[in-house]
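Should a chain be cited, it is by its letter among A, B, C and D, assigned in written order, with residues numbered from 1 in that chain.
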Amino acid sequence: MAKAKKTKKQVAQKAHSIVHGKDHDGAIRRTLIVEVEKLQGLKNPVLIEGLPGIGFVGKLAAEYMVETLKARKVAEIYSHHFPHQVLMEKDGTLKMLKNEIHLYKDPKKKRDLLLLIGDVQPASPEAQYEVINCILDYMSTNGINDVITLGGYSTGKMTEKPKVFAAVSDVSEIKNYKNIGVVFGETEGSIIGAAGLLIGLGKMRGVKGVCFMGETHGSYIDHRAAQRMIEILSKLLGLKIDTSKLTEKAKESEKIIRKIEEETNKAKQAMQPSEPVRPSELTYIR
Amino acid sequence: MAKAKKTKKQVAQKAHSIVHGKDHDGAIRRTLIVEVEKLQGLKNPVLIEGLPGIGFVGKLAAEYMVETLKARKVAEIYSHHFPHQVLMEKDGTLKMLKNEIHLYKDPKKKRDLLLLIGDVQPASPEAQYEVINCILDYMSTNGINDVITLGGYSTGKMTEKPKVFAAVSDVSEIKNYKNIGVVFGETEGSIIGAAGLLIGLGKMRGVKGVCFMGETHGSYIDHRAAQRMIEILSKLLGLKIDTSKLTEKAKESEKIIRKIEEETNKAKQAMQPSEPVRPSELTYIR
Amino acid sequence: MAKAKKTKKQVAQKAHSIVHGKDHDGAIRRTLIVEVEKLQGLKNPVLIEGLPGIGFVGKLAAEYMVETLKARKVAEIYSHHFPHQVLMEKDGTLKMLKNEIHLYKDPKKKRDLLLLIGDVQPASPEAQYEVINCILDYMSTNGINDVITLGGYSTGKMTEKPKVFAAVSDVSEIKNYKNIGVVFGETEGSIIGAAGLLIGLGKMRGVKGVCFMGETHGSYIDHRAAQRMIEILSKLLGLKIDTSKLTEKAKESEKIIRKIEEETNKAKQAMQPSEPVRPSELTYIR
Amino acid sequence: MAKAKKTKKQVAQKAHSIVHGKDHDGAIRRTLIVEVEKLQGLKNPVLIEGLPGIGFVGKLAAEYMVETLKARKVAEIYSHHFPHQVLMEKDGTLKMLKNEIHLYKDPKKKRDLLLLIGDVQPASPEAQYEVINCILDYMSTNGINDVITLGGYSTGKMTEKPKVFAAVSDVSEIKNYKNIGVVFGETEGSIIGAAGLLIGLGKMRGVKGVCFMGETHGSYIDHRAAQRMIEILSKLLGLKIDTSKLTEKAKESEKIIRKIEEETNKAKQAMQPSEPVRPSELTYIR
């Protein structure tokens, strides 16, 4: 497979777009990256993905990093493939579901970080391919050729000291990660969604990638796995991140999610036994 | 995010269309707004959405208003994303599933109302985005920059005096609603479908919006919540609407819906245990 | 809504095509009507739809008519929306799933019949809209402005003398059907699939339609309801069709379908408890 | 139906592409065949399909042939319709899900084989039609007019000496297969996926095809049925393939698949009872 070069023709037309906020009419008809700020003068940049997934390990870690490192939002990602919902915020406003890219400019000018976080991942293959390709186009446009994806590896067991497992796009990369305590060869199966596709589709376009997977039970929001993930990333990227508030934050998240869960169940119960039937559900003949 | 301006380029081609009835060949191949009448000389217009949802609160309220205010139909909305069914009417005819927009011209020339009602909402994210964008295009074309969406907020409990909760697109709007008895800050989670997306997608295009949610059990058609909703809307819009017939109407609706429900269940039972297998369901090899 | 006129512009590009067999390269990439024979000199034609549905009433009736009237195939309908399967024929060959249109030229030159029969109906709204629009385009091209759709109306009860219920596109048509023994006003709910959409979408394009629904249990293949349906159609169309072989044919069909059902269940049982897991089903992280 | 000729116009635009690796920018936005090597000077070629299916019979047989015959990879097939996952390899790398075509040049210059193998088949009608049409285009471009598809025929019973059943695109072909021990007339129902559609869609484009179905229980990976399949293929194609290692290989595969299955179940259990709820799953109002 040839590496991505600008001169090579695109095989299929892109269904998505990247547009700067001030040039955009605001309509979200397809998948769309809306730039808040043009990226400029990046130093050896790497994109770190932490979208929702098993144990919320990646999301917790990446969002904590965004906050702690005071990264600033440079882009928003919208898609007609995201669930047709809006979130009720505490302040009484409504918020579109979206993903975001935040920039952390390395003060040592060694390696700038782009952090991809968000509310959701799309649910179908076609939607995932579209959104991931859109992100890879954004990376390509901005000269970002490295990606680190964060996820959870579900074991069904609680563990005191969770490991961080990994898988890479290129076998020669393994040595770079082993010496920071990342574990290879103890995972099997497949990686679903952005954490996998960013590596897989990225590799074909010349992007080098590693997926870090925090060992986790799978049924719980796991701040401990997220903490361990941040430690590994700090070692890798030469960052100093105080993870002490993560425990607290994770507990808070857990409380909210539990609450939401209860109410969702209540809502489900309320809606199922004798839900008002819409005319559209009648099916006498066909 | 920039506000919607005509001069800004559309990022993706529209998959839907708005066409005047007399220019339309009648074929429904995509999502389509068919204008019965061109809107002209609107005074400070606002669109009020009341499509089917939890407790049928929004639908009951909006349809009652259409009837009581003698609003006239100005547009019909069809979509290949609506269920592939037609409704059997009492008079022996069949009716396409559709949404409709009705116009109430304010006799005091203060604020004209556009009421969006209908049989169904589409079921997938992509379909919802398409239909809502089509409606927002219609609003934009006709200079309608405000939207009120009506829904139910499911609590799983019966309540004597249901509240009307609200969420807004812009925090500065809250004060305008608090003083008419609308409650903020007691809801959480997300708003699904048109009631949420019209606000969320609308905001990005410069539309100001509020979603009113009638407190309701969630398992029943709730005329009381609808009644309360109309009272709030009357206060907000300076209307005088006698809601006495709503109770009656809601009971009637409930009877019909219960009947339909029974028969749907009968039909489901009839079709599931030993449903005739179609050739297409055989799956010996693959 | 304006009636269909050739001069009015199509609102959306057609996703399907009608092509003559000899001009077609054979590739089925979309929904496609392949003409075996160009229709010419039709006398007051009407299309009768009898695709699979509740109790197989419509399918049984229409296929029996095709056979008895020695109607000849004039078109085949293929679609990428039909299930991705092929049927094993008794002679050892494989057959694509398709729909077919058969022509019965009225020897009395009063009313020619086009009979629409087939293996399947598509399962999603978008697919149904596409296929039905394709058929309506075929009708429009060939000057066919009337449609009769055949279905079953599920009551969950066995009945000795099944009625034929009906619903029409235009209320003024009811009188034409009442006097041949068709029953109006005893059905409610909705009509799913081709039997409903051909009427609903057809009406908007100027096609007059009636849907006949054979009263049936819903769980069984019902040759009696089909027999009654043919009697009604014979009266309406002035045909003489001996239905004595239908009983026999229906029994045969039932035997085959029962057999298939048994084996499907066997296959399902075989595949579910310990079905070999494909690599694609592993979901450790996301 | 007319046979496929280059001069006839394509009815619908192709949604997929065939591109040579060195001309490809690497982006997988649609269904795509990426050629590793241009096919040249093929002798009477036939494509043999062995993708995952019932009992893994076809996959086992075809992959064993690729290995034993030392066939070389000439093309890779990617699709946005394949599951949005990547596989974790034993060496610590990640692998995109794909299909592959391998070429076996017949040393006797009688009949070259193209073997189609892979990780997955797409799950929806539209996706299957697209991928199969892409493969048929590839065959057509390379003058490959014959296809043999391999599958399993589920009986729900264990059998000592599994038969190989068959179905063909053209009845005149049956005699060619009967005398090598293939059984006709003992199967019924339908064939799902590539094994069926390659024959069905191929026939319409002038491709002659046969589907071999190994008699199998359906719940187990069946190396015995695969062994028998290879014997039949060897007879048909004049090959000498030692199947002794297949037993061993199948056992190995079974072990891995069982392991995967266990862990999948574990993962499912872990994720279902108290899975962390994502914000997008809340459904209070709509």
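Heads up, the rule we're going with is that a contact is a pair of C-beta atoms (placed from the backbone, for glycine too) under 8 Å apart; a residue touches a chain by one contact, two chains touch by 3 or more.
None of the values given here were measured: they were computed from a predicted structure.
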{"item": "Type of chain A:chain D copy interface by residue overlap (half), same or different", "value": "different"}
{"item": "Superposition of chain C upon chain D: rotation angle, C-alpha, nearest 5 degrees", "value": "90"}
{"item": "Distance from the mean Cα position of chain D to that of chain A, given in whole angstrom", "value": "33"}
{"item": "Whole-Å separation of chain centres (CA-atom averages), chain B against chain D", "value": "47"}
{"item": "Contacts with 2+ other chains: residues of chain D", "value": "15, 54, 82-83, 85, 87, 154, 187-193, 196, 211, 260, 263-264, 267, 271, 279-280, 282-284"}
{"item": "Chain D-touching residues of chain C, taken from the complex the two chains share", "value": "17, 19, 21-30, 32, 34, 76, 80-96, 259-260, 263-264, 266-267, 269-271, 273-284"}
{"item": "Touching residues (chain side chain A, partner chain D) in the complex", "value": "1-5, 8-15, 52, 54-56, 82-83, 85, 87, 97, 119-120, 124-126, 128-130, 133, 136, 154-156, 166-171, 174, 184-185, 187-193, 196-197, 199-201, 203-206, 209, 211, 217-221, 257, 260-261, 263-264, 267-268, 271"}
